[in-house]
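Each chain gets a letter, A, B, C and D, in the order it is written, and its residues are counted from 1.
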Amino acid sequence: MADNIGYEGIVKLLKAAAEKIKANRDYLSKLDSATGDGDHGTAVFKVADAITGTIAKDNSKNLKILLKDIGWAAMSTDAGSTSPLYGSLFMGMSESIADDALLDCKAFVSMMEAGVTKLRKNTKAEVGCKTMIDTLVPAITALRGAADSGKSIAQALSDGADAAVKGAESTKEMKATFGRAKNIGERSIGHIDPGATSMSLLFVGMKEGYQNG
Amino acid sequence: MGMKKFINNPDNLTAELLEGYCSAYSNKVQLVSDKIVMRLKPKDKSKVALLTLGGAGHEPALSGFVGEGMLDASVVGDIFAAPGAPKVIEAMRLLKRDAGILFVVLNHAGDVMSGNMAMEMAKQEGINVKMILTHEDIAPGADSPIENRRGLAGCIPLYKVAGAAAEAGKSLDEVYNIAEKFNNNMATLAVALKPATHPQSGQEIFTLAEDEMEIGMGQHGEAGTGRSQMLSADETAVKMITQLIMAVKAKKGDKIHLMINGAGATTQMEMFIVYRAAKKYVQGLGIKVVHSLVGEYLTVQEMGGFQMFVAKLDDELLKLMYAPADAPYWTVR
Amino acid sequence: MGMKKFINNPDNLTAELLEGYCSAYSNKVQLVSDKIVMRLKPKDKSKVALLTLGGAGHEPALSGFVGEGMLDASVVGDIFAAPGAPKVIEAMRLLKRDAGILFVVLNHAGDVMSGNMAMEMAKQEGINVKMILTHEDIAPGADSPIENRRGLAGCIPLYKVAGAAAEAGKSLDEVYNIAEKFNNNMATLAVALKPATHPQSGQEIFTLAEDEMEIGMGQHGEAGTGRSQMLSADETAVKMITQLIMAVKAKKGDKIHLMINGAGATTQMEMFIVYRAAKKYVQGLGIKVVHSLVGEYLTVQEMGGFQMFVAKLDDELLKLMYAPADAPYWTVR
Amino acid sequence: MADNIGYEGIVKLLKAAAEKIKANRDYLSKLDSATGDGDHGTAVFKVADAITGTIAKDNSKNLKILLKDIGWAAMSTDAGSTSPLYGSLFMGMSESIADDALLDCKAFVSMMEAGVTKLRKNTKAEVGCKTMIDTLVPAITALRGAADSGKSIAQALSDGADAAVKGAESTKEMKATFGRAKNIGERSIGHIDPGATSMSLLFVGMKEGYQNG
């Protein structure tokens, strides 16, 4: 069996990821209450809703179009920082692939990388700034490592999810220098970043979606 | 949920609020495409249009200032959350004109990201628009880099001067320069006493002890670093105005605009008492207060506290401040 | 004292507030003899003058509505307390003119007593003044005797129509008749969610349980008999507007003014949501909302709640409502 | 020794009454919190202050003028219902006497009656309405009774004070039909009326002022 993923496979991953995020709405808002304005759960729930909603009404069966529509829908959620960041992740993924893409592990990882690159155009935040970048960078590095060493998509997703979770946890000890949390400076230390957490749930959800698919 | 507010389904807050607002002031504004508040009678296409974006929950800001002589449109997000770029570009398309659009963005991460994305799209579509970023919060220090300084209530008098300049038929560059002049000579400091409840999550957006206040509080309850014991009105006013006057570098003979913007639960009585003390201090320095506003312009739900705002005015800005306007929450005859 | 407010010495509240107010809006109003707020540029002596009296602590009411096209002067008491007759007669002397004075009094025991005494003195001094009493609270029932019905926020749109009529040069009898027509076709109902703290005593002016609201609350937290469980915004709005529409006997084809007046801590967001529901209900009856106000006009410190106000308008009143005005808190171009 | 009272005597009574009221400021506001708007202590404190202030700066040494000035000053206190009610009490007393008044017990009582009559022009409240009228009417009746039966001024003041206190206490079981307390209807029952209480303190203070004078 060829280790490829296409429209149907990605839909499965994204649906699972969206459900994972939705299930953690209150937890994520609670995290945001500690360091921000308490709405990240609400915000990212809407993004997750945009993902499942777009999938549900998609007629194209075309991955490039689906991802672009998800990106646009996510951006349209009026959810503060979250909509442009998540939105551009999907826009970047869409822009990087061909119309009839069927992706092997390397191509899948390249698509994810392109998404992260586009997302990072919005922000100067680096690893260590206590944002979702602290999840994305190690997750993408793990994905790339798995692909380059010839691992399967399943294994790559698993490595990516593990790295994402670790990345999110690493924000706990950081002092925020981006986003609203920056305003409380030292007082942000000791709290996990909500955006880093929701992003890690995206990767965990994708892994689980692939395994259960 | 301990929240005591007159609401229905929390998911519909913004939609219901915009429906109510635009229907209450249907002689001045209209709701277009769900989230865009526009002037009922658009201004002539030969004149520069003024556009802004921002989250809801800060009423009357920002849409309360759409009207003749002020904003042409505001794009509204959800409670405390910026609208996405797609709606912003839609508004830009609606306002598109050769004279151009001045696009005012308050410095908050989400607003700036949506704003930047929309600007990129506008460029691709050949829409003539210039963006201006307000960042007048001096809580992190007046010399702190722009990205650290939030855009607070100062946007509203900025809409006024820019809007009046646009209404007077000035070019986009001229309107931009006037707005930038105002932008570079203004400063805000916020103080909080009591938290607001987020109307969707039902949670208090911060906590303060019974005898504590915080100078430097952000627009959504993002805590700053200025907690102290409660001070009297006069002490609070003097502490804040001193920093603001230093920040705008006003000196003897200068003219300023002084605004006290209520956060929500703080009474106008308190605001007048504070205003009085701040003005007295300013006059003691030989600085003239030539324009004042005391009221609720940009609120944070029912938070207790206020923002004190100072802008240095030259004769051009002063004239624009007093120029006619006809927005629901700022009218000048 | 658990009170968290920006104040100094509680005994100086009113003095400091009036100093702040009159200096913030020194282009429109002036403070005369400590407690009398007057128009900066008095209207022509050939026109009827409009005078009112009332306690402080309800800002922007009542002095916020002194200005061209509205009040000529307001006499201010202490916090929630009517001014004494001596100040009122002083204001009457200042406004004395052949054209006469219309004197608007809100139905509260202290206000009425001071008002009556001042009227008696005015008569002795030969000052031409007519008194009109507002009493539009329908909490005790719309048919309840006048002395049981309090004067609430309805005085403010009444100042608008009477002020516009006076500005138009109408005679005292004409102005009085217009004001009485408005007075006899208006109704207010207040709802409270959260108490205010009296800024002098530091005590909460009433208590409500965590899940209770009260429809029929008075202007100073005087409790009524309408306690219930918290309702949604729409339920509250419909419950109130139903009673108001019945009280003013509005029917299909009639035109009304609809105002949501915030008590202090209730957000404009909530007021717009409530307004929306009330307007929808009214429209369902075939009644037209031809003029609206949503905001804080007469507050009760930081009380949570609002007053819903309805007035039937004929063409004459509607025109007066839209006539130019230039008070600090009500401007019409 | 003739049982007469003039300028000096009345000044002594009123000073003592004013101090009595001032000492009960918080208690009176507390009573008003239960049935009204919580400010009667503040209000009547200002009236008491107007009394002592007017006495302090009076140069006339003329009782009629002094009482008129006290009335005007009390009315000028901007204290809600309290200023016109207390103010007219003193105005009425002043209007009823001659310039050089030296009052025997009957004349003293007549002056007090005139004050109450003037006060009552402000209000339709009767005994039983849960207002200061419930103090004033029995107090005045007791004064008149004492005078008519030839008692001394001291005894009349003592009878008046006793009746005033009883009158104030009687308001506890009443349902308010005047003033702000009327708005809470049945819920006013069980609370003593603040205005009735302050008025009783005026009579008690006058009695004590006479005794200690």
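The criterion applied here is as follows: a residue touches a chain if its C-beta (ideal position, glycine included) is under 8 Å from a C-beta of that chain, and two chains touch if they have at least 3 such contacts.
In this text, all values refer to a predicted model and were calculated from it rather than measured experimentally.
Visitor: Looking at every pair of chains, which two share the most C-beta contact pairs?
Guide: Result of the pairwise contact count: B-C comes out on top.
Visitor: Just the number, please: Cα centre separation of chain A and chain B in whole Å.
Guide: So the centre of chain A lies 33 Å away from the centre of chain B.
Visitor: Mind checking the centre-to-centre distance between chain B and chain C? Centres are C-alpha means, answer in whole Å.
Guide: Centre separation, chain B to chain C: 28 Å.
Visitor: Averaging over Cα atoms per chain, report the distance between chain A and chain D in Å.
Guide: One centre to the other, that is 77 Å.
Visitor: Between chain A and chain C, what is the separation of their C-alpha centroids in Å?
Guide: For chain A versus chain C, the centre distance works out to 54 Å.
Visitor: Considering chain C alone, which of its residues make contact with at least two other chains?
Guide: Residues of chain C touching two or more partner chains: there are none.
Visitor: Assign the assembly's chain-to-chain touch graph to one of these shapes: line, ring, star, complete, other.
Guide: It is a line, because the chains touch in a row without closing up.
Visitor: Which chains touch which?
Guide: All chain pairs meeting the touch criterion are A-B, B-C, C-D.
Visitor: Any idea which chain D residues touch chain C in the complex?
Guide: Interface residues on chain D, with respect to chain C: 29-30, 33, 36-39, 41-43, 46, 72, 74-85, 87-88, 122-123, 178-185, 187.
Visitor: Any idea which chain C residues touch chain D in the complex?
Guide: 14, 35, 55, 76-87, 108-110, 113-114, 116-117, 139-140, 148, 150, 198, 200-201, 203, 205, 218, 220-225
Visitor: Which of the residues in chain B come into contact with chain C in the complex?
Guide: Contact set of chain B toward chain C: 2, 4-8, 13, 16-21, 23-25, 56-57, 59-60, 64, 193-194, 199, 210, 213, 230, 232-234, 236-237, 264-276, 279, 292-296, 299, 301-302, 304, 306, 324, 326, 329, 331-333.
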